[in-house]
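The structures considered in this document are given below.
The following pair of complexes shares a single chain, subunit A, combined with subunit B in the former and subunit C in the latter.
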Partner chain A sequence: MRGRRFAFGAAAALIAAAIAGCRVNRPPNDHAATQTLYSATVSDPGTFNPILVTDSASGDAIGDLFESLVRVNPRTTLFEPGLAESWAFSDGDKTLTFHLRRGVKWSDGAPFTARDALFTMRVIYDPKIPNSSVSAMLIDGKPILASAPDDYTVVVRLPRPFAPILSSLQFSILPAHALATAYAAGRFNHTWGIDTPPDRLTALGPFLMTRYVPAQLLAYRRNPDFWMRDEHNGRLPRLKGEVRLIVPDQNAQYLQFQSGMTDVYRPRPEEVWPLEQAESKLNITVRKVGIDTGSLFFAFNRNPRHYVRQGATDPRYKWFTDVNFMRALAHAVDKRGMIDLCYRGLAVPAVSDVSPENKIYHNPNLKDYEYDLKLAARLLDEAGYRMIRPGVRGDPDGHPLVFNLTTNAGVPVRDQMCAIFKQDLQSLGITVNYRPLDFITLVKALESSFDWDCVLIGFTGGIEPNDASDFLRSSGNLHIWDPAEPKPATAWEAQIDRLMEAGTTVMDPYQRAPYYWQIQQILHDQLPIIETVRQVTYIAYRNTLENYEPTVWGFYHPEWIEFRAE
Partner chain B sequence: MNARAAIASPATRNVAIPERRGLWAALGHEWRVASLTVKLSALLLLLFYLFAAASPIIAPYDPAHQWRELPDCPPMRLHLAPRADWNQGYLCAWPMRLDVPLARHYAEDHSRRTFVRLFDRGHLFTTAPGDPPFFLMGSEGLGRDLFSRIVYGARVSMCIGLVGVAISFSLGIMVGAFSGLMGGMTDSAIMRLCEVEMSLPSFYFLLALAAVIPSGLSTTATFFLIVGIMAFISWAGFARVIRGMAASVRSAPYVEAARALGGSRARLLFRHVIPSVIGFAAVNASLSIPGYILGESALSLLGLGIQEPAASWGNLLSQAMDPQTVAYYPWVLAPGLFISAAVMAFNFLGDHLRDRFDPSNSG
Partner chain C sequence: MLRFLLRRILIMIPLIIGITFISFAAMSLIPGNFVANLALDPKISPQVLKQMEAEFGLDQPLMLRYARWLWGIAHLRLGVSLAYRVDVAHLIGPRVLNTVILALSSMALSWALAIPIGIVVAVRQNSILDRALSFLSFLGMSVPAFFLAFLAIDFALWSGWFPIGQTMSPDYASLDFWSRIADRVDHLILPTLVLGLAGVASLMRLMRSQILEIKNADYVRTARAKGLPESVVLYKHVLRNALNPFVTMAGYSLADLLGGAALVESVMNLQGLGLLLLNAVMKRDVPLVMGSVLMGTVLLLIGNLLADLALVAVDPRVDFTTLEAQ
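And now, the complex of A and B:
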């Protein structure tokens, strides 16, 4: 008896010691003292080479290391000076002269000059180097010619006036002195992989990478020679360092933010309310960032290659190219229901493929298709799609309306949106077979086998409307409903092609806008895709952070972010 | 002559079966000797199979109907209706109202009542068509009645075991008994084949097979494909055990005698070998049903099982994967309770059957 009690006492003492030990050993929450911002990211980078980057994880990892000639002001969505102090158009908008910033130094001490810009363009245009910048830098298939009359001037000559040129030239500038040898030796595709020691990355951005531990973290320290100064000529960036933890599980990220391990967190819709409740307890601010800049839509396959088999055309081809059928379907998308059920009300109905956050190019005059199943049923009846037996609607030739719906697996929100759409179409007598596919299989179906009927898929969006040309032009590879058409399949697709062309010839953004508004109107009327909803994004951050100004297009003045001195 | 008489004589039959009884009398006897746990298990399983057989009657609503204004609604309390309203039904509940949509907080709306009508319009209990719904076990993320979905889900989850076992055991018994009886090269060939099949990493194999199920298949077809895949994975191990038993029976005097008397291979197999292993098989079958139920829920959890909007206990439970959801809406775990109850009941019942009928385990 005595022995047991002693054992119990010993165990209790051990537990107490362990608890006390935990308390002592827990790292103090000293992010403010060291001016180090902790955040979490979902996945590991794939490369540190800014030209070879194709995934967002790599882009985020080195985003603060490199700079481009021009920057975008996320508030105005207009261009601002970057490494180029100023620029001017001449020769009927066919010549663009950049005056580069003097005194900018690479992290190894070498000066930044026009040679770096020209070297980077040569790398991008090299057919042996796969990169995603090149497609935006071809004007009617021809490269842009650049020359450097002196070390701090770059002159760009265009074959014709090309409005998106500043957006196209937003590539990260590479250090010519550090990479020219590797490039000349044909080793560029293998330089600056993720096995490169971070201090060997020659950079000139606000931060320099100090450490990368795969599957754990990325650490940065501020670049002491960064060119930017604040209004009192003070040094920028104000943060001394940054740490990005690599945490694949979103639930774990949420818990880490709550426990103080990270300072910022982008909550999912269901997490916004609990975080708002805990604002004072956790000493955080939950702030609305804005409306998603991408577009999430149901696309319908209009690709004849999918439907014409052995001379016979599948009836679905007729339905999906019948605008009356598509209009009825557009009236059957319960956007309100999707917003309330899938996003807790933190979303807005999407009408156009351009987000309202794109203030200049978003067409505000489109009228949404109201959710009205009775109207949808009437439209179907009028177009000849009548009930052929109870619960089953048929097309004018008597084929029952059945099609497959897919999306990428593992995204609960998309599952729910598809379930809502399926249920509403079921009540109209249209059978939808829903089966999500894993991402690789889905991309294969969309890009090469074309074996799909209807897909719920999202595209990211940018400020420059011409960036969507691969999606909008009939010859584009991302022209999802019928990729790479040899010639426009319909009159309205030809019209979109013409408008895309015309939109690039006018230089002023406000004069360009009407062309893109008209394209949105055509898509809205012809309905090759049916828009759904756009999430309203939120961000939560510690109250000790100052000048923290997130927007959907990135941070406004990120170099000014700092922790308030305690 | 003598040998034939000996084979036919009842004295050589398995002594464990005392005398011939009617089926009902035998069941009655089994019921009396069973323990309380076993009785409860049997009743529970009967109830679940009743769910499966009579789901349209037992479920109060269409399992796919979405009350889009009532997502993640908590279970509702049932009250006895005031006497004045008894013409509408004896039971009632307060309808729920979404109080804070962002938080999904619900409040009872005390200004109205939903009357729960028993035996109404072909349902065990339901509410009038225009009335707010009554959620016995709450609703899930799309506002569908969880109880109705569980009842319909029983069709998949309770039947997957039976169908799967039927497939894998008939295959396993046939192949195993045949292999054991034949011996020699045939035996070796079949057993090596079984070993190859068993050495496949089964869960990955299951995932791979489930991933290639083409889209556009009906729920029923998907169901049978999944059962088929799971049965295909599990028959080999069973065949090996049966083969061992059959091989030991092969040299038993009565089989030797039957062979000596010119019994055909088929006759040996069906009259002598298979009956000797069938008791063991039945016991094992009841013990392997839970494996199918859990296997289906694992597949559904990964999104490869029965697809929305059809319900199975597994895909209903997949909602509970997110700890947040469980914390705020604990009733989404209800399908998990049903899964564990069914698995436990099958295990108790299987154990009991083994004690009663498997002679090799009688020690």
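And now, the complex of A and C:
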């Protein structure tokens, strides 16, 4: 009966192991005592080199390590001093002089000077270094010239007055003394990769990285020499450290927050209500952050390259360029249904392509297309799109209305939104064939084969309206309904081009705004895209956290965040 | 034996080339390449994308790219990941370690449970115990492992006895050696239970049918007729023979567990190879995918070889000539 004894032995060992597991003490949460903020992030960074960053995970990982000349105040969306203490325009707004902060030190003790700023610009303009900062720094294709009359002054000369210039100069400043050798040797693209020991990253931000364990965590300690002081001349940041666990699965993140492993969590819509119910039990606060800054819309292909084949033009080209047809479709988008079903009520109808959170540039005067299928049917009838058979509507030439709808696969919310749209159009007699595509295949279709009819797609949004120029200008590659038009295909696209151009020449944000309001009005009237909804985002955090002021544009005064002394 | 080993190792080379070439070609045939990930970013201009394509060599023909990759492998370089810009070995290494530890511990658990239970139910065929355990094993086979993982995580949250996901605590680096071991073990218990229990059911069924088959073999009858005690018959004659297919299976399981745990790894946040590979395929990070494929292939081939060697050791009826003849 050795076998049975063996079986019992194995079972006993297992139970013993399980009990031992219970005995390994889960240490009491010491986050407050050590002033260390624990949070979770979904993926590993791709690089620690701020100029080579192309993904949000890398940007988040090193965001607190580096600074730029200017910062944005997330409440006002206006610029504030960063590494530059002040700046002034002169020479008819064609020269911009920055006065740099003195006494700022890199983590290796070297002083921060104008040399660092010039070095960073040289790297960005280097054609051998692919980066995402350069496109914003070319004005009509021409580079900005920068010089440093002394160690603490940077003079920037522009080919013409250019309003987005401060936004363009928001790149992270690199330490010239630490990276110049690698750059000169042509090794910059492989410098400060994720295999670099974190203490070798020469930084000057509020935090310094202490540890990176791939697929596990990123750890930071506060920069003892950080330049910022609070109103009582006290040291900032107030947190002594930060730990970011790398947790790809959102469910796991949710559970870890509930168990106290992490101190902050951004809940999905369906998790907001349960967390609000548990506020007192978990000793947390659930707070509304704001409205999504991006734009999620149905775009309709107006690209003749897709429709004109062997001399014949596909009828869909006529429908999608017919503003009456598009208006009928706009009235068939059930935004309320999408909000309730896909976002548990935690979203708002989107009217403009610019989020209302972009306080200066959002046009508040647009009137939404109300969801009204009867009106949509009447508009279609009036425009000549009549029912040709029961359940089938045809265009004025008698072609039945059928088109394809796609989006990127694997996003349940988008699936549901497409299903709602498809169903409503079905009731109007329009057949929609819905087939989601994996992201890269979708990009291929949008960018090079142009083989698509209608797509539900989202773009992220920033504060500077000129950042959307590749999307809005007719020559832009992300001019999604007809990319890179040789010349504007319609009068209104030409008008948008002119407004985009004019908007960059006026320096004052409030005087610039009308140009962009007008562009939003044109898109709203001409409907190359139909806006859907914007999610309202929430954040949950421990009640012991103080000065925790999240906004959609980042934290307000993040350096002031601390755990309350208990 | 040396001849056998040499032959098997030489055969591996064309196999590896064949498998990796097919994977490489498949990765290139699906539309889009790595830089397409960035194409919808308004901050990245088409010129920059072109530069990146040239830098990564994505604009070159398939054969040339494969030849380059193979040349690197011949020099023991797995290449540089496109998404992470570091050596693929640096990315795969720590994750393979996590996955292998989990694979071995869960394999050990399922064998430790399945073999004795299999014996018990086979010996008492058609008893209530047999029926009950068979019922449980069918239940176990039909519940997917990732669902068990969800239950386990929920249990951890509810009881507070176990950590929720991860393979180590955030303060791991500051612990002493023994606490580190304890911390690792602590994080390993739930995932091991989940993956181990999921595997028990089928292994136990296999053990049961093996024993039932061999119980009536001629040599077992002979052993009984010799007057050997029943326990000797069972453990010396029946069990030793019944274990043979398990030896072969162990070789396959090694590679199987590397990929098979991906869902559980995702749910329990264990940072194994599975998720890394999935993301790499989605992003078309060819060197990273190829590195993982190569790892899997080599492990499978080596596992097979080891299983064959072990079979020779445990089964006197099998020797190298019969193996080569196969």
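Please note the rule applied: the second predicted complex is superposed on the first by the 543 of 566 C-alpha atoms of A that agree within 3 Å, B and C clash if a C-alpha of one lies under 4 Å from a C-alpha of the other, contacts with A are read in each partner's own complex, and residues count from 1 in each chain.
FYI, a residue touches a chain if its C-beta (ideal position, glycine included) is under 8 Å from a C-beta of that chain, and two chains touch if they have at least 3 such contacts.
Since the model is a prediction, treat every value here as computed from it, not as a measurement.
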Q) Looking at the overlay on subunit A, is there a clash between subunit B and subunit C, or do the two fit? A) fit
Q. Counting only touches as set out at the top, which of subunit B and subunit C does A:270 meet: first, second, both, neither?
A. first
Q) After superposition on the shared chain, which partner residues are touched by A:193: those of subunit B (first), subunit C (second), both, or neither? A) second
Q: Kindly classify A:151 by the partners it touches after superposition: subunit B alone (first), subunit C alone (second), both, or neither?
A: neither
Q: Once the structures are superposed on A, label A:415 by its partner contacts, choosing first (subunit B), second (subunit C), both or neither.
A: first
(Q) Under the stated touch criterion, name the partner, subunit B or subunit C, that contacts more residues in subunit A. (A) C
Q.
Just to be sure I read the superposition right, which of the two partners does A:341 touch: subunit B = first, subunit C = second, or both, or neither?
A. first
(Q) A:404 in the overlay: touching subunit B, subunit C, both, or neither? Say first, second, both or neither. (A) first
Q: Check whether A:251 is in contact with subunit B, with subunit C, with both or with neither, and answer first, second, both or neither.
A: both
Q. Once the shared chain is lined up, is A:438 touching subunit B (first), subunit C (second), both, or neither of them?
A. both
Q: Kindly classify A:372 by the partners it touches after superposition: subunit B alone (first), subunit C alone (second), both, or neither?
A: neither
**Q.** Smallest separation in angstrom, by C-alpha atoms, between subunit B and subunit C in the superposition
**A.** 7
Q: Across the two complexes, find the residues of subunit A that touch subunit B and also touch subunit C.
A: 251, 438
Q.
Quick check on the complex: what are the subunit C residues that touch subunit A?
A. 30-33, 36-46, 48-49, 51-52, 55, 80, 83-87, 90-91, 94-95, 98, 109, 112-113, 116-117, 119-120, 150, 153-154, 156-157, 160-168, 170-173, 182-183, 185-186, 189, 193, 231, 234-235, 239, 266-269, 271, 275-276, 279, 282-284
(Q) Per the contact definition, I'd like the list of subunit A residues that touch subunit B in the complex. (A) 251, 254, 270-274, 334, 337, 340-341, 344-346, 404, 406, 409-410, 412, 415-416, 418-420, 422-423, 426, 433-438
Q: Please give the residue numbers of subunit A that touch subunit C in the complex, ascending.
A: 1-4, 6-7, 10-11, 14, 17-18, 20-22, 24, 26-27, 38, 43-44, 46-47, 52, 54-55, 127-128, 130-136, 189-190, 193-195, 211, 213-217, 219, 243, 245-249, 251-252, 255-256, 258-259, 261, 438-441, 443-444, 446-447, 459, 467-471, 477-478
**Q.** Residues of subunit B touching subunit A in the complex
**A.** 64, 66, 68-69, 71, 100-104, 141-143, 211, 215-217, 303, 307-309, 322-325, 328
